[in-house]
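Down below are the structures I want you to see.
Okay, so subunit A shows up in both of these, paired with subunit B first and subunit C after.
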Partner chain A sequence: MFNMYWKPSPLQSALLSSALFLICIGAYLFVSHQRHQENPSDKIMPTVSKIADGVQRTAFETDRKGEYRLWIDTWASFKRFGISLGLMGFAILLGLYMGLFPVVEALFYRFMLFFDKVPALALLPILFIVFGLGEVSKVSLIVLGVFPTIALDTYLRAKAVPGEQLIKARTLGASNLGITFRVVLPQIMPDVLNTIRLNFKAMVLFLIAGESLAASVGLGYRIFVVRRYIAMDIIIPYVLWMSLLAFTADLLVRLWIKKGYAWHRAH
Partner chain B sequence: MSGKTMLHMEDVYVSYQDRQKRENLILNDIDFKVSEGEFITVVGPSGCGKSTLLRLILGAERPTRGKVLLDDREIETPDRHRGIVFQKYSLFPHLTVLENIVFGLNARDPSLLRRFWRPFRFRERRARHLDEARSYLDRIGLAGSAHKFPHELSGGMRQRVAIAQSLIMKPRILLMDEPFGALDHATRMEMQLFILEQWEAHGMTIFFVTHDLEEACFLGSRVVVLSQYYQTDAGPGQGAKIVGDLAVPGAHPKPTDFLYSPEMGQLVARIREEGLDPDYLQHIRDFNLTHRDAFRTVNEREWKQDACEKPA
Partner chain C sequence: MFANRGLYGFAKCLTLLVLGSLALTPAMAREKYEVAWSIYVGWMPWPYAEESGILKKWADKYDIEIELVQMDYVASIEAYVAGQVDACVMTNMECLNMPAASGIDSTALIIGDYSNGNDAILVRDNIDAKSIKGREISLVELTVSHYLLNRYLEKQGMSERDVRILNTSDSDIGPIFLADKSQKVVVTWNPIVMQIEQHPGISKLFTSADIPGEIIDMMVVNTKTLSENPALGKALTGAWYEVMQVMSQRGAAANKALAQMAGRAECSPIEFKNQLKTTAMFYTPKAAIDYAGGEEIKRNMDYVRDFCFQQGLLGEDAPSADVVGIRFPDGSVRGDKGNVKFRFDTTYLKMAAAGKL
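And now, the complex of A and B:
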């Protein structure tokens, strides 16, 4: 079985893929059960029913302020993430122009390379000082963190488009604008989307870092607040919820690439 | 097939600096004239600068010295007056066959503002373009593949599409850089007949670079041999010159039998010796420049006045 020619059947494949999930859940349930037998009010590893209760309280019941916490937090984090994601459009544009126009390349390339190496988290205090503790500093942290990566990646991909394609487009009468947006951008778009997808992780990381330090609402804010009460029955569902959201976003982009760029996989 | 001169190159030199900052002469004093409707094939040893010559005409490269004129105007950048078919990467991988062919027609669409101003007129224009593209698709026999992507086509089909994509712009001259180089023998033969058919149907001018002598002699009405293997009064040659420029005898296009005729064999053998044999250094006096459009300017150092009569 353990050789390179063995191919699992669909059933085997399903079993193997779910094995590690099941083991983790099983181990958790087992240890949690053990701990509760020793100390029924254990807070470190709440039982499934306690977690369900935590979800019930945060998602379907209002808190003291009369708000459904989970949804309020999700919406706040989603907005910050979405705005940052929208701003990545500029990173794509910049990378594209850097790859195609030597003057833009000369102006931005070195700067972006350096900018990329600045640890974004170290900029956080500066952002807080300059922009205050509001939304702007949290969004700019995410943007500063991944903008150069996306711009540089787009730049490399735009440069990798064969020169023959650009020449061909010129012989067909295409303008600079036409070559940029009808020849190069659509060709590299699936790869760029892929890069953005892989950078979701970094974006979420910066989001939580920002929220944990200065926010009054948000998924990252909440888990750091309830940590003080060792409220694992809230933290665990929040972490799972964040993972699920990130996974779904990733899945959507993968589907977008698959459906929207059918030519890409085989090419 | 004789028309008026369209392309004119005179005293063209191309040299590059290599890593040691030495001048490296690639093309040495190229003089070249093309009449409308000619099917020119260019052959020569690998690395002699065939593709450089093509890129000069394309406008993707500028000569170090000399002039390259199309209809008396200097060629500066690639534009829609010269079509190009490369061996690879000629098609846009993200567009379907039909979209690839219609690309050039749509490239000069009105601005977004005008499109919204007159949406109906714009849609009509697009529809007209699609119709024209479909008629080209019919002509290359690929009407059934309109909505396929390039990667779904065979190598020969891909080159057909690339040719149609260029032809739809009605270029003054179609440049082809080893377009059939990556194809298997049978497909290659088929494509040779295809391009001859297109040449006859459209009456266009073709500049076709190949390393295959048989292909060059079969396709071309005029064969140009570019080579760095020659000698001058000043010593062995440096940089490639046009060492042969001849009309292929007989009517054009040739019947396929011509490929197996003794004439063909002799022609190929002669070109192979004069152009491709590194040990056979022909003197520039003896170049076979018999085509009626062939001409050259002479460099005094390479060709001493008293050694021989100056060519007309």
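And now, the complex of A and C:
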């Protein structure tokens, strides 16, 4: 079985793929059960029924303020994430222009290169002071954290487009804008989308960091507040929920690439 | 090929190392205990006890080893609840809603002090009870700050619904409040209170000195560990009151000790002394016994547990504030007698008072 030519059957493949998931879940259930035998009110590793109860309370019942927490938190975080994602469009544009126009490259490239290495989290207090405690500071943290990476990645990909193609397009009468948006952008777009997709994790991390420091609603906010009474029965579903949302977003982008850029798979 | 063999050898070494370390779990000569602490004026005697050798002296006397571990506040209590450390400093409120509510039977071994102004509501533009309505208030939710605000609003005939709360991390709450003039009300603790109130235009609306004795700072030990190993309780209590004696005297020795504590608390000796003024230390075991054994503490614990229950801190599905039992030195219990998880115990304090340690 352990050679490079082995071809798993669909069943074998499914078994192997689920093995690690099952081991993790099994290990959790085992340890949680043991802890509960020792201390029935253990909160650190709640049992499945306690977690289910946590989901019930956060998603389908109102809290003492009369709010369905899970949904208002999801909506608040979703908005912050969505706005930041929209702003990534500017990162793509900047990267594209840096790759194609020497004047933009000269102005921005070195700055972006440096900016990319600045740990945005360490600047949070400054962000809060400049942008206040509202939404702007949270969105700007995500943008500051991921913008340079996306811009630089787009830049590298635009640079990698063969010069012959640009000359060819120009001899066929393409303008600057034509080359930028009809020759270069379409062919680097799938790779750029992949980079954005892979940066979802960083964006979520920055989102949680921002929400944990100053907020009154949001997924990250809730996790940090209920930590004050070790409500792991809420934290665990929240973490799973966030993973699921990020996974879904990732899946959507992959589908977009697959449908919109079918030629890309041939590469 | 060669690189491959190198990797192979590395993997082999690693395996041997892991197996070896598993097999060689050394037999401990003496029982070793880990005690977590975090920076707060009322807890600075602990690192001083360690640095000055006082803690080691008392540990040696009872033939045990005590290791102090410095942590962030919430992280330290989480470590205590998870059983990673045997004892931890915390307030009466966190003791109730973190370990006790999680079923970890905990004993308040030493009642060190109560906050007598270390927690405060600070305002701009002389905001008062009338104009606070509807305002946004930044604080760290579900902490003693939140409790203080609730007590204030309660005394003014209002409730939390009359204001808007913005959860803000304690690491940034001071600088942000100072920088952002649009923020009018903040609730926080020392040394942040001290830093904020030095600025013009900011005044104190309400402090923990207005609710004396409600926010208590304690050394909490796992009850099971303590009953099995009284030596730990004796050594900690002995060391604590030796430090108290040094601190409460006047003169060079006390100043040196305070300067050392200030250094560990990352503030100047003057700032440290100012914070001590808003901390009602129980310098003698007798003072702590009197407070823990009195009636006042029961009423104060009722305020605290009512707050914890209303905020869902005792478990969101808790039927009432009685779900956790709190036992007082006279044997009386508030809450569920069958589920006592929080004990005020003056046994060791009495030994210290009688000079029997």
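Basically, the second predicted complex is superposed on the first by the 267 of 267 C-alpha atoms of A that agree within 3 Å, B and C clash if a C-alpha of one lies under 4 Å from a C-alpha of the other, contacts with A are read in each partner's own complex, and residues count from 1 in each chain.
Basically, a residue touches a chain if its C-beta (ideal position, glycine included) is under 8 Å from a C-beta of that chain, and two chains touch if they have at least 3 such contacts.
Only a predicted model underlies this, so the values are computations on that prediction, with no experimental measurement involved.
The superposed arrangement places subunit B and subunit C next to each other on subunit A without a clash.
Of the two partner chains placed by superposition, only subunit C is touched by A:K43; subunit B is not. Here the vertex is the CA centre of subunit A, and the angle it makes with the centres of subunit B and subunit C is 150 degrees, a multiple of 10.
Of the two partner chains, neither subunit B nor subunit C is touched by A:P10.
In the superposed model, A:P186 lies in contact with subunit B only, and not with subunit C.
When both complexes are overlaid on chain A, the residue A:P119 reaches neither subunit B nor subunit C. Using the contact criterion defined above for the overlaid structures, shared-chain residue A:E164 touches subunit B, although it does not reach subunit C.
Look at A:Y261: by the touch rule set out above, it reaches subunit B but stays clear of subunit C. Once chain A of one complex is fitted onto chain A of the other, the partner contacts of A:L172 are limited to subunit B, with no touch recorded for subunit C. When the two complexes are superposed, the chain touching more residues of subunit A, out of subunit B and subunit C, is C.
Taking every C-alpha atom of subunit B against every C-alpha atom of subunit C, the smallest gap after superposition is 37 Å.
Residue ranges on subunit A touching subunit C, taken from their complex, read 39-44, 53, 57, 63-64, 124-125, 128-129, 132-133, 212-216, 221, 224-225, 227-231, 234. Residue ranges of subunit B in contact with subunit A, taken from their complex: 58, 60, 77-80, 82-84, 86, 88-90, 92-94, 103-104, 107-108, 149-152, 165-166, 169, 171. Those residues of subunit C whose C-beta lies close enough to touch subunit A in the complex are 74, 78, 81-82, 97-98, 101-104, 138, 141-143, 164-169, 171-172, 175-176, 179-180, 182-183, 310-317. Considering their complex, residues 162, 164-165, 167-175, 178, 182-183, 186-187, 261-264, 266-267 of subunit A touch subunit B.
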